[in-house]
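Each chain carries a letter (A, B, C, D and E) given by its place in the written order, and its residues are counted from 1.
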Amino acid sequence: MKNNYSALNLIFIFLGSIVLLFIVAPLLGMLLNTSPAELIETTKDEEVQKSICLTLTTSFLSTIVFAIAAIPMAYLLARKDFPMKQLVLGIIDLPIVIPHSAAGIAILGFISRDSVIGRIAESVGLNFVGNPAGIAIAMAFVSIPFLLNAARDGFMGVPERLEKAALNLGASPTRVFFTISLPLAWRNIVSGLILMFARGMSEFGAVVIVAYHPMITPVLIYDRFGAFGLKYARPISVVFIIVCLVFFIILRMLAKEKKTQ
Amino acid sequence: NNGNRNNKELIIFHAGSLSVPFKKIAKEFKKEHPDIYLVLEADGSRKCARKITDLHRDCDVMASADYKVIDNLLISEYADWNIKFASNEMAIVYHSKSRYSSKIDNHNWYEILMNEDVVFGRSDPNYDPCGYRTVLVCKLAEKYYKQVGFTENMLQKDVNYIRPKEVDLIALLECNAIDYIFLYRSVAEQHGLQFIVLPDSINLNNPDFSDFYATVTVDITGKKPGEIITKKGEPMIYGVTILKNAPDNKAAMKFVEFLLSKEKGMAIMEKNGQQSLVPSPTNTYKKIPKDLKQFVIE
Amino acid sequence: MLKIKNISKQYKDFTLDNFSFSVNSGDYFILLGESGTGKSLLLEIIAGLITPDKGEVFLNNINITFKKIQKRNIGLVFQDYAVFPHLTVKNNIAYALKAKKLKKKTINKKTIEWAEKMNISHLLERQPKTLSGGELQRVALARTLALEPVCLLLDEPLSSLDIHLRKELRYLLRKINNEGITIVHVTHDFEEAIALANKIGIIHNGKIVQEGTPKEVFHNPKSKFVANLSGIKNFYNAKIKSDEIVMLENSIEFKHFSGRTHGSGFVMFHSKDVVVSKNQIDSSMSNNFQGVIVDMIPTKHGVEVIIDIGIIISALITQNSVDKFNLSKDSSVWVGIKALAIKFVENK
Amino acid sequence: MKNNYSALNLIFIFLGSIVLLFIVAPLLGMLLNTSPAELIETTKDEEVQKSICLTLTTSFLSTIVFAIAAIPMAYLLARKDFPMKQLVLGIIDLPIVIPHSAAGIAILGFISRDSVIGRIAESVGLNFVGNPAGIAIAMAFVSIPFLLNAARDGFMGVPERLEKAALNLGASPTRVFFTISLPLAWRNIVSGLILMFARGMSEFGAVVIVAYHPMITPVLIYDRFGAFGLKYARPISVVFIIVCLVFFIILRMLAKEKKTQ
Amino acid sequence: MLKIKNISKQYKDFTLDNFSFSVNSGDYFILLGESGTGKSLLLEIIAGLITPDKGEVFLNNINITFKKIQKRNIGLVFQDYAVFPHLTVKNNIAYALKAKKLKKKTINKKTIEWAEKMNISHLLERQPKTLSGGELQRVALARTLALEPVCLLLDEPLSSLDIHLRKELRYLLRKINNEGITIVHVTHDFEEAIALANKIGIIHNGKIVQEGTPKEVFHNPKSKFVANLSGIKNFYNAKIKSDEIVMLENSIEFKHFSGRTHGSGFVMFHSKDVVVSKNQIDSSMSNNFQGVIVDMIPTKHGVEVIIDIGIIISALITQNSVDKFNLSKDSSVWVGIKALAIKFVENK
């Protein structure tokens, strides 16, 4: 196409640049206020390393574990009609909107020693509060809607006709799901997974109520900020953001590869 | 193995302004008791109490920036006693880029702050003790400097820069969004910020001026919306207690002992800008554990 | 062994009404019909993709109306191909085989085999979106044929293919059918029907209007529609007035020799039996009319001339005659038809 | 389809129920701990009403205003290839992951009186700090990635072939965008808008730094919690969540109607 | 006025190579070719959907190779319809008209007009996904025709239509062409080519192999491929050995009467000129061979019998003869062809 530079394109590029600038400017401001020496020092700080690892792994695991249930649910929401579906769809969006500390309080009630789940966990010697598992649950709660919505949109974009064609070829519904629906919705699901993963990593308000320790990076930043001020919190933020950026780029590239295979 | 809670884990909720000294104390304490793992959780003093009373979070030791928080919210349901252990003072904090920073001193600050192009921040009186103390300081200043109407003008100016916590204010200051903040001197010292030392008459530090402090009051919201509590000016005093249902009472005792010892904890406190009050008077003398009696006077 | 019984399906402005037919084991059944008469719909109902409002489908005497799609063992080749866009040609063809859990080697062998039969071996590693229409159609065919179902439903499977490939694939389809697979094939190409079917059903307005062997259907069309399908262009409602006169379309009288004196039904005659000339023809032909040329269409065997003589008739003449009489659109001409060429078919 | 109750479906329904329960249980716990009397009283509280209105309107406006630039940008990201595209995609995800208070501080640097934007605003008598406009900017910063990603997925699902067909019919690129690309990506875009709207409403950490007053609901809840405890914070959360739920259901229904028109 | 010059386009395993042809104003040009020879590709290059690697496209002597799609004023009807799935049939048809910013009333009038011409008036409010294949094809046609472009590109526009509609639409297309619109039409149906085109191009292996009027092309096919397309099934490479003997496919000798004594090229003869019998025929026919029946295909005019006599030949005989000799697959038969029926075409 030789339409690369049509008026519309120029307007779009202009608008896109504004958005990009809007995102980049604050980040750049943060980066420029941090000296390389500080960055290096922060990278070497064992507490920082540990917390970034913890954040990445808990969010990653919580994303993976909950995806196993959320993706099938998204499929149902895309394919089936049932009474009160609109209500269910509305409910699904709620965790996004709940004030984070309220979410934390709600989850605490859900997993604390007095709750059903808490008691079951205790009987096997597990206490969710102050435990990575509890952190993962808090992360999942606030971030699962992003996966659900993205996956649902993805599945809605898969023509039912192709699924039926696959059934006609003798494939079981399970096979059809894994070989047709899932791959065709893959792009959206990956987007959803990345959003869920990212959103989980950033959660502070809910996590800090469930578990101040072990410290995930947002809590660590808050803690350092409270104790020592911006100067000590900023380098951690920058390191964390850089690590995340690298992660996202890798994830997106992997996802792309998967698709073009 | 900080994942699963074990018996040797000691949970301490403390006021945000105690973060720095407590971290250092924890480090020293660790040397003495390597088997006890300290878990420090910083938050606003009242919020710390809420975590215990409303959220039923496990906690062994609670250290508040205002000993009354312990008296009002924790005693007697969650704690039996309260030890006042340190004091602090209010200061006006700024940095080198603050407007008029080269001119300001403790004779003209009340004029400079009222300048149109100067922005100052303070924390929310209803929420943060530092907030209502700021109002008290202003009222005292009005009297001390004989500036009629100063408090009123002050409270109306720059309301956009009221924040719930003093640490948020530091961020605003550090990123140059504002010029001055009302803050605890200890925090300013810990963050390496410049500050104006206010006269003892208005800085809420010196118990000798208690009577003068008590001449001003401020109304803040009470336990329910609509309810009003009137706060009297009084010296700033930090309190500490061990919770009744502390998971590890023994370790908690060891920590509080360490904290209150003159050459251990209190030395670190003083180094970080907070004067020791130990031993201090208490009205819960009877309930104070035997080992801690040495730090109080009846 | 495939029996469709009283199938009905109602859409807002289309109804498939009480549809029934049956196909014996090993039959090659072709459903011929115009666009939008419900042919595809019917195949999708048989395959289970669409649930009918009413009626039943039997396969080998088992009611499969509510059987799951994947359990029916009926292969359907879609009119719009429905090739899986995210799989290579190879994986598309192998899809059904993999579902059957065959050995890898067998799958590979069969895939290559069917790709060869369809002339698409060179495309095995391609993504569907890079394929041409005809290539896609062959992938769709290979995919379903590789499954070797007991019953095969083909929805216009050769529409995008050229003469050459069409010939090859017709051969293949007949071979598959000879091997015992029942085929139901939908098309609107009646030559395809003649070349392949041993039984034909004509579908019109949501009903089967005529059924039988290709010969039966095309030699005794029961309606203008069927006649047109079979290439007879001159087909009219008719009422016999006397042993000599028959009235066509209530508007024009023809001489006839059918030996009947009354009755109503249809009259038909072949285009090639219509003689055209510039002036009135003085001959033994008993039907002579003047008319105007409405259209002229070149065909493989000459030129088809469409003439309005009160009714529209079609005449097939050579290019020579066209040149000789200098015929063109709007020319006024005379046509002649022998009474003997007029065929009368009684209605019911 | 009569496959409604295949084994796969049952498993999916089971998994879906778990997810739904996981979302609903904490919310229900919160609801059950709130008496109707409290709820009614809270609803009548003018401060609560005002803050909910403020939250809804700022988040709504910020979503709409930023969508005008974000949707075209998403279109570019879906259609064009350019150097460093993976980096741009990674950057777009960053605002999700940035610790919220760090985001707040970054934005403050971006809009405070010393910044270019702040000075321009000041010259027309506007101060972003403590102003709904500032709140909207903070909301947009943390929530814009959700719209960008959803819209991008939507546009990627629109066959370029249809766009070219429309061009061939003589439509200008602008017309093609508005009549073909946008409607066909609509479902994803609406999902993205709702997510962005919802995410904006819930933002606390970044907003509280830019503006404590006027209080958006999450700030109000935090404030009440700190000042009076859970008992007073919970009813506001519940009222807020109910209002949001109603809003989401209405939005989703409107979006659906739009599509089936 | 439409001139394609040295167009090349390279894909991994397909190449369009140095493609050139030109179409005069008002021509009806038909491109005939097998599946996957690049017909659709070529149309998309002309319309600007795909940029060629090399070469130029001229419309009315203006180089439009890099002109924007929407500025070309060339209408393209897609092989896969490309109907907008979110718009009703009505809005699909009106799409181009709205882009032209016509008055609402005019748009409405034209839309209804074209829907009537395409026989889809009853579908105007329908969503595309509820339409049948043929209905979609007509929507696609109406949508582009309503635009009244100066040049119309049709990619197998009648493939999903039944005989009846096909006839109507052929009439319509000819009418449009007569009104002065240049048409380039792609198909693999040579009857369509005869019925519509005044100029034909045969495309094979990414090149135009023959070009001319339908008559020129089908009477003098220059390759087996063209011959097959035109329905001549017996077409072989040949080398004349003497004034009597010609060698076919280097394997079998035929008698001929072409009057030539040497040269190489092709031999062809019509299926209907091949005589089949059970025993050797004692007649004036000079070419007699024994062979085995490979396949039998019923056709409109009898049965086509495919016989292997060393080379594969096709004979068209009546059903009667089949019954009489009891012919079936694998029967051994004799064939006879008169030397006069053998037509020799020299190569270049």
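One rule holds in what follows: a contact is a pair of C-beta atoms (placed from the backbone, for glycine too) under 8 Å apart; a residue touches a chain by one contact, two chains touch by 3 or more.
Note that the structure is a prediction, hence the values are computed from the model and not measured.
The chains in contact with chain A as well as with chain B are D. Least step count on the touch graph, chain B to chain E: 2.
Chain centres were defined as the mean of their Cα atoms; on that basis the chain farthest from chain C turns out to be B. Here the CA centre of chain A is 56 Å from the CA centre of chain C. Our note on geometry: chain B versus chain C, Cα centroid distance of 91 Å, whole angstroms. Chain geometry summary: the mean Cα position of chain A and that of chain D are 15 Å apart.
Once the centre of each chain is set as its mean CA position, chain B and chain D turn out to be 37 Å apart.
Multi-chain contact residues of chain D (touching two or more other chains) are listed as 3, 6, 101, 105, 109, 167, 172-173, 222, 225, 230. Residue positions of chain B touching 2 or more other chains, listed in rising order: 55, 171, 175.
Shown for chain E are the residues that touch two or more other chains, namely 68-69. Listed in rising order, the residues of chain E touching chain D in the complex are 47-49, 68-70, 72-76, 78, 82, 84-86, 95-96, 99-100, 143-144, 147. For chain A in complex with chain B, the residues that touch the partner chain are 105, 108, 112, 114, 125-127, 129-132, 209, 212-214, 223, 225-231. Chain C contributes residues 11, 13, 33-36, 39-41, 79-80, 122-123, 126, 130-135, 137-138, 156, 159-165, 170-171, 188-191, 194-195, 214, 228-229, 231, 295, 297-300 to its touches with chain E in the complex. Within the complex formed with chain D, the chain A residues making contact are 3-4, 6-9, 11-13, 15-16, 18-20, 22-27, 29-30, 66, 68-70, 72-73, 75-77, 80, 86-103, 105-107, 109-110, 140-141, 144-146, 148-150, 152-154, 156-157, 167, 172-174, 177, 187-188, 191, 194-195, 198-199, 201-202, 204-205, 217-218, 221-222, 225, 230, 233-234, 237, 240-241, 244-246, 248-249, 252-253.
Taken together, the chain B residues at the contact with chain D in this complex read 44, 46-47, 50, 53-55, 119, 124, 126-127, 159-164, 168, 171-172, 175-177, 221, 223-225.
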